[in-house]
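Chain nomenclature is as follows: A, B, C, D, E, F, G, H, I, J, K and L, assigned in order of appearance, with residue numbering initiated at 1 for each chain independently.
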């Protein structure tokens, strides 16, 4: 790992079901174009309310991936 | 949305089962007296421990709702 | 001022024109039901984008008012 | 405590004598209209200076109380 | 909105005239290459001083846009 | 509770399944050597990504326990 | 710029008209006694309310200036 | 002091009387098992409310002590 | 207050007796050379420990004073 | 500088030798694909420990660069 | 790494020479009694000044280590 | 130390070589006019990039010094 450089990008994922699924949705979408993702960090969590109930969970996260040499 | 004004209130919900249910409990209780709730933001998460296990999950959140004209 | 107690409420105002007007919109709406407002503090500023342009400025603020004895 | 929901309100109390008394003044005033207060958290402390001396201590705090079912 | 994923990018815009114009300048520049921008959040505000006057207002903001499937 | 003193320790738990399980794993491990644990507070949440999917959820938390006299 | 040292001072300016003017008022006052001011950073924004309207905008800022050798 | 290493521990003390006494209670308890304590830093202050009055003041603090060689 | 400009300075006061006295000590010292002090804000609180007891309370505060025209 | 717009990207660089070299490694890698880099800001610093010694220094930084018109 | 639990401890190291050496001094001291240290995070940096020069660099850091099953 | 009062000033120093030297440059400059400096705290670190390399390291710090009676 001595000389690796990582880039961090910030994403917001959403899910009607759970906080975890909101994160997984964001990472799955990023995986279409970003390779070598290594870790994520949760920045904030929120959600939309409709008719007095949680309609969507939304999580903003940073994802770190290795920059190839 | 041009001239809407929203009020934010801060609540703490609890649940014996999960972080999501603690949030849903708080929003369900607020829905008894507050209309037009639109979104929530997680402020902090904590919990009570009994006998070396999590007894209750507690989440503090802000809830935003539209103020009617 | 020696024994006054103040309550702070949190509001989000919006405006199509400026950050100041978003704040003024929130305070004007609150003035319909809250008396003795004394000061406000900006918590955060954001906005909506439509067609590559700012459509609405949104400011979240805390408003402090005197609680009457 | 399993399904309790708490609401948090933000207050600023003042006192000519001490930080503790500024907090007690805010809680005593809130107790006139709010029942079931359970805890408070200090948000910030400040004060007014007159003639080179502290004239009033001011403490902003959040107070949590149980929402009845 | 159920399964949308958003990406957030961070920009600094500047203007000789106002904070709002500094934000609009950044968003107008981003609109040349980024589609589906939805919201922005102000991160910080600063400026350059020349001859004892504000020469340029500078605002750093995060812009969120929808990632197409 | 009048004269109790609590100590807070900081732990990071991990789980392949959920944020809650990562917290429960940390508390279960601490329970082997620490008695009288009373509450926890979430400090941050992150995770490891492998092959474009979340491999492990990691939560850092503070745990408070009563110091016996 | 290699060996320059800057000092930062903190000011609060006010204006009946706008956030920008509150900043300009503070910098204009500082320019009477401070030379070589280079940049400012907004620390916080607030204001006074009178009769349900914003009476004064107040901005606290840090101003950086070059210390002469 | 050139090569000293300090460890910081986090404690919460409580008192029915004052913020200072809550801190002193925590330090007195720690002194039973920790030697060479040098300084403390206040992390947060809160309290319990009973019957509309402050029942206990609670202060969370970090305490630094010298690790002996 | 329309066009007043305030300067904020940061001080640390200490006292063997209480947090309030540490603040009052700092303000009394500043009053020897600074006129028109108007308010203070607590930045942080800490202290020195000797022989397992609090030897000195130390409070860092910002003091705002009016800049004369 | 009147109308420049800057983009900020977040990177983590690592080095077996020093904090400065970790930053320089990140910037050197970015320079392969990013032009007109102007400044960086340190976000956080950490490192890996192996056999009781620092094996790698890691610094996360934001890098700002001019967006060409 | 699936079920590992880590504990974090907070240390302050000092050095007459550099920030890196202050960190290394803290980790070397901890290594006498703590095994399986894995990473550290810098919390804050400061130092002592004597005769107008830096006499000691001081860095506060958190160190994470694996708790053995 | 019982009744000492300290003042804190904020400075930004720069150096082409290292973070430590940027701090030392700021303190050396301050020593020309400020006596009895006792400690410093790092507020933030950044730098200028030229031709894809770090041209200058810049550190903002607070310096505390004793106010003479």
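Note that in this section contacts are C-beta pairs under 8 Å (C-beta built on N, C-alpha and C of every residue); 3 or more make two chains touch, one makes a residue touch a chain.
Because the structure is predicted, anything quoted here is derived from the model rather than measured.
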Just to be sure I understand the contacts, which chains border both chain D and chain B? C
Since chain E and chain I share one sequence, what rotation angle in degrees maps the C-alpha trace of one onto the other, as a multiple of 5? 120
Chain C-chain H separation of Cα centroids, rounded to whole Å: 38
Taking the mean of the C-alpha atoms as each chain's centre, how many Å separate chain D from chain H? 22
Roughly how far is chain D from chain G, centre to centre by C-alpha average, rounded to an integer in Å? 31
Chain D residues counted as touching two or more neighbouring chains: 9-10, 19, 30, 48
May I ask you to sort the chain touch graph into line, ring, star, complete or other? other
Any idea which chain I residues touch chain D in the complex? 19-20, 23-24, 27-28, 30-31, 37-42, 63
Where on chain B does chain F make contact in their complex? 18-19, 44-49, 52-54, 57
Of chain J, residues touching chain E in the complex: 1-10, 62, 64, 67, 69
Along chain F, where are the residues that touch chain K in the complex? 9-16, 25-26, 29-30, 48, 56, 60
